[in-house]
Amino acid sequence: MLDHLPILQVIVPLLAAPACLLLNNARLAWLFACLAGLISLVISVALLVQVQQSGVISYMLGSWEAPWGIEYRIDLLSAYVLLIISSLGTIVLLAANTGIRQEIAADKQSLFYVLYLLCMAGLLGIVATGDIFNVFVFLEISSLATYALVAFGRDRRALLAAYQYLIVGTIGATFLLIGIGLLYSMTGTLNIEDMANRLPVDTNSGTVYTAFIFMIVGIGLKLALFPLHLWLPNTYTYAPSIVTAFLAATATKVAIYLLIRVQFSIFGADFGGELIQPIFIVLGLLGVFVASTVAIKQSNIKRLFAYSSVAQIGYMIIGIGIGTSLSLQGTLLHLFNHALMKGALFLALAAVVYRIGSTDRTCFNGLAKHMPWTMAAIVIAGLSLIGVPLTVGFISKWYLVLASIDSGMWPVALLIVLGSLLAVYYVWALVESAYFGKADASATSSAPIKEAPLGLLIPLWLLVIANVYFGIDTRLPLEASASAASFLMGGGQ
Amino acid sequence: MNLSPELLIQLIILLPLVAAAGVVLSHRHPNIREAISLTIASSVFILVFLLYRQIINGETALVHWISILPGLNVSFKTEALSVLFALIASFLWIVTTLYAIGYMRSHHEQNQTRFYSFFAISIAAVMAIAFSENLFTLFIFYEVLTLATYPLVTHAGTEKAQKGGRTYLRILLGTSIVFFLPALIATWAIAGNLSFTVGGVFADDTPSLWLAILLVFFVFGIGKAAMMPFHRWLPSAMVAPTPVSALLHAVAVVKAGVFTLMKTVVFIFGMDTVGELITTDFLLYLAAFTILASSLIAMKQDNLKARLAYSTISQLAYVSLGVLLASEAGLLGSSMHIAMHAFGKITLFFCAGAILVVSHKTEISQMGGLGRKMPITMIAFFIASLSIIGLPPTGGSWSKYYLLLGSLETQHWVLMAVLMISSLLNIAYLLPIPIRGFFPAKSTVSQASDGSEAIQGSETIQEAPLPALIAIIITTLACVLLFFFPQPLFELAKMVGVAP
Amino acid sequence: MYYDLYNYWMVIILMMIGLYIVIKPSNLIKKLIGLNIFQTSVFIFYISVGKVSEGTAPIFSSTHSVYSNPLPHVLILTAIVVGIATMALALALVVRIKSAYGTVEDDELQEQDH
Amino acid sequence: MVVTALAIVRVSDLFAAVMLSGIYGLLSASFFVALDAVDVAFTEAAVGAGIFPLLMMLVLGVTGRYEKTKLVPIKADVVKKLALVLALLVTGALLVFGTLDMPIFGAADAPAQQHVNIRYIQQSPTEIGIPNMVTSVLASYRGYDTFGEVLVIFTAAMGVLALFSSQLFSQVTASKNKAKNEMHEHNVLRIVSKMLIPFILLFAFYVQFHGEYGPGGGFQAGVIFAAGIILYTMLYGLDKARQVIKPTVLRVLCALGVFIYGTTGVVSMLAGGNFLDYSVLANDPVIGQHLGILVIELGVGITIAAGMILIFFAFSQQAETQLGEQ
């Protein structure tokens, strides 16, 4: 069975989804989904170990060899991202049973798990596959599931957000499709590796350039690259909190993965270098500053962290833009680290919503007294977001700054650190009101607010501890990201 | 006792954390809680003292904890300056704990458990800073210290405390993120090594312009050294309860700042390098400006703690100046001044706190005639003031002497003049307080008697609670003793920057 | 020779018309129609790539030897299904939006939430 | 086609727009035939000119037929519009630029025709043993994509169910909305359709199993089957249709199709091949391929048909409730 791990990684959650539908009982469906999640987590760990030991794993679906059939291709990068998705997806799933109780009608809950698993499987499929059209198909599976998940939100604006996201997402996917079509017409293949080999060495081909731009823009829409990010705040704000935690921790990460894959694996690290790299850096920096500034002003905390996500995506884009092995490592580290901190933050918000029903800033006044564990989690994850030492956030900032200094881009380095100063502002305003703010008289008159239930707290603290643990013992993400980065830069292993 | 220095270092760092845990666990029993604090504080001091004996005998130690990033380790090492700093901090921790018991109880502060636990964590961070083997480790605990002291600053929870806390955090985190961190990473990128090394880590062919810029970044980045224009956090932090102000903002936090600066100049850049950089002069004059400007501001402050805060800023700049002089005497003076100022300033703060607890007075103009009610406190205040000014028979005179010598050696006449003028200013803003306390001006007396029962009328005013009083006496005695017996500190300070 | 590419250009014009309908603020349903046009034009583009002059439908028979490329056909079959699935979901959203807001006009929806 | 598309831009009667897009679908279908893509044409006809307009109409019934038009164009809008058009022109120009270096339309020596394609054309009849190369590629070489496609429909069906009220599955609803079934009155239509429906269903089965030889296959069959049921629903009303095919059963069927497909993959894995490697299903690889394709096409058909009907049911149910509320 060990040979089949790559495909099992995807089809376990994929086939668990219809099974959940047949169970038709929310609690059973949850248990089953968790089981599927755990299995896929175990598989992804096994895959990472396998790749580290014996190099790229290639799995031919239907036993048709690569360019003819669809290939599953697990290299270091995909194994690393698979691990992020399956672990974060599973941890958030653990919290879902409690987390959705207040937000989703009881008769829809089993459907929720079906869609959740589909979404997760779709994301895993995007990462595992070595075939560019297959990417499109799985992208759509996960996207469709996402739209539906977002629409679960209680606020009617969730519907509008989902619609908006659907339109943008579909345009993005179709752009990707155009890019794929153009590339196919130039190479006659859909396999990523084969395509890279067959791409005309003479990169002056306008078709190839156009394909590149369309793919980048299409993916940019999906990952909320700075000027294309407008769908994200609404989506994150109005989706059920669990869904937000899941999306923030995984979906954008997969889009980043895709961007890296397209840029480095298909077109090669140097393709369009002079043109695209400054654009990435500028867009990334703009994203960091504009989104952070907007975040400071938000009164809805969920929206605040949504904008902060846009800003954090900016950091990852900067790393891609600098385009050295070191900066890419920074991006990959931030991929993992940001998943940890945003997962934790949104889960904490889920806990707040569970008890209070809102994430408005005023609700947080004095909340630390009533929900000490939840708030402590927000503090630690917030520190990580700022990039304080001994948390994961520090590690990725370190690499990004180091990379920009290493490439002689001093201003970029300074701007990166200035960006985290903005994070201090928006995180600390929240911490302050939670610990020192005075609760409204109206809030205190009602029944006292209790700490969130364990069903939410345990997954939440798992993530918080991970935030600190991987900030101190950095070996696992560091090794994986370093070898993945050098692999992408063509240094081999 | 034959404990290995490796074990000692780790115990010194970990014991305060144990204290923090103990404090939290015993939060229902104030007596046990404070007994734990005191016991552990004393044991830490004893351990540091043992370490001192060892380093005098030439024994050093290196402890490696974990490697966070490849080549970047969290590790600790004994070294003269470290021991000096640790010795002062741990000794004053005992005294402060003693003082805090009296102060906090009679002042009926809320959340005392939170207070003692974060206090202990801060001490742990200070110890870790002191023994850091490299700049990376130092940076980590520098940040930890900032965050651990934040709840102490905002302890009161009032609007004012929050605002102070915000400024505190904003400036300290801000400078360290914007200047310190990039400088740190750049150093790593250029030199590939962050270990404190005698003579510096940079290769000889490193462009000196880069180094010059880096030096500016470090000086500004180490916000805890309160160099202008990044000094405002210190007055803001005065909203904290007095023991916090005393230990953290006269000793631990600010001294961690100048300590970091010294470490950086001596062991990252190397003294010789710093002497040659083009920005050094600029920074020297900035320090001189800070000395004068903050002394002048201090004169205008009526709030006693605020005046002391600005005095601290000025005194810190002395240390920075001494370091940047990059001469042996300057360094010696700076090292000594860390110690001397610590004892002097903590005494002043203790007195201020005692006055606050007993008479609820915070403004200097209200303190006329207080000396008759609280003679011991006021005498202590007077002696400590002498030490800050640098007059015999107090320890402060030694450090001032060496600082002057340093500026003389390097022929910085302007700086020398600044030091002299500043001493005069010190006299002008410190001495009037005890003088008024004992010999109230006529107007003050009449005001007081007219206005209310402020001083004369209230029979309740007497000396501070006993534990606090003992603390005050200890530190005052130390100020005097250090004049007559400066040898131990002197020996340590002389070892700083000398290759083992 | 550019004449030989006219087929692609027509497709591009269609694409842009579709995209215009999608992006222009208007009725939510109309946007979906535009999305449909946009996607369909991409399908045509793919199929055009697969066309071989003189070729026939790629079903093996003894009378033909030149076939058009079957691969784009397969891809587009999949894409059509994806498209209709997206449409179904989008329409479901529109129906819900109608019941929640009472309108499906872009600008009116914007007003209601501010 | 361009004319149709432009007409859609202008027209504000959404009903007309839907009809036009139906025509657009038909036109593109005929275009596909001209480009030798018969399978695609078949599907596009069923989807673009069938399912899509049908769903649209249902929705229009709820949301209203006319698009609101602004009487006075606001200046800011004009600027926005111009910017939009400009952006589109740039995008279009980029694409045109992209096509300049593309192989000539219909060229047999284009890279797309050269590389992977050759094996599909030359060897699939012998490797897979069926003449329709599209089916070979679809079901075997790129069978996994098709699995994904089935899942997309499954996901969409689940999404639609998640969005709409779960009334569909409760037995008691039987809403008495009289206006809903105007077609009850058209007796001729009813009788003709009643005669037609069995044929449609029969045709669906034909398409299902004929896919290997001519155009067709599970997807098209599923759509046609669904169309038959939908026709029935339109004639007799949702309540009656729900009695014939229970939504709960549909839900199970929808999942079942996915399972059939997935299980085929797993079974081939257990039999020693890779996922979806049909060759190991029988002693003779070609027979194995045959068998595998047959089974998975069945899975596709079931999921598609069940999914489509489910989506349709959900829409009509929702439409009824919402119209009832209004």
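Order of writing sets the chain letters: A, B, C and D. Residues in each chain are counted from 1.
As a working rule, contacts are C-beta pairs under 8 Å (C-beta built on N, C-alpha and C of every residue); 3 or more make two chains touch, one makes a residue touch a chain.
Chain-to-protein mapping (UniProt): A, B, C = Cation:proton antiporter.
This one's a predicted model, so the numbers in the text were calculated from it and none came from an experiment.
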By Cα centroids, which chain is closest to the centre of the whole protein?
A
Any idea whether A-D or A-B has more C-beta pairs in contact?
A-D
When the C-alpha atoms of chain A (Cation:proton antiporter) and chain D are each averaged to a single point, how far apart are the two points in Å?
31
Using CA atom averages as chain centres, what separation in Å is found between chain A (Cation:proton antiporter) and chain B (Cation:proton antiporter)?
44
Intercentroid distance (Cα basis), chain D paired with chain B (Cation:proton antiporter), Å:
75
In whole angstrom, what separates the CA-based centres of chain C (Cation:proton antiporter) and chain D?
13
If you look at chain D, which of its residues touch at least two other chains?
95, 99-100, 102, 110, 112-113, 116-117, 120, 142, 145, 148-149, 152, 155-156, 159-160, 163
Multi-partner residues of chain C (Cation:proton antiporter) (at least 2 other chains)
15, 19, 49, 71-72, 75, 78, 82, 85-86, 89, 93-94, 96
Which positions in chain B (Cation:proton antiporter) touch two or more other chains at once?
none
Could you run through all the chain pairs that touch each other?
A-B, A-C, A-D, C-D
Mind listing the chain D positions that touch chain A (Cation:proton antiporter) in their complex?
94-95, 97-103, 110-117, 119-120, 140-145, 148-149, 151-152, 154-156, 158-163, 166, 251-252, 254-256, 258-259, 262, 265-266, 269, 273-279
Within their complex, chain A (Cation:proton antiporter) touches chain B (Cation:proton antiporter) through residues 383, 386-390, 395, 397-398, 401-402, 405-406, 413-414, 417-418, 420-421, 424, 428, 432, 436, 471-474, 478
Across the complex, what residues on chain C (Cation:proton antiporter) touch chain A (Cation:proton antiporter)?
15, 19, 22, 28, 31, 35, 38-39, 42, 45-46, 49, 71-72, 75, 78-79, 82, 85-86, 89-90, 93-94, 96-97, 100-101, 109, 113
Chain B (Cation:proton antiporter) to chain A (Cation:proton antiporter) touching residues, read off their complex:
66, 68-70, 139-140, 143-144, 147, 154, 157, 161-162, 165-166, 169-170, 173-174, 177-178, 181-182, 185-186, 188-189
Which residues of chain C (Cation:proton antiporter) touch chain D in the complex?
1-2, 4-10, 12-21, 23-27, 29-30, 32-34, 36-37, 40, 43-44, 47-61, 66-78, 80-89, 91-96, 98-99, 104-105, 108
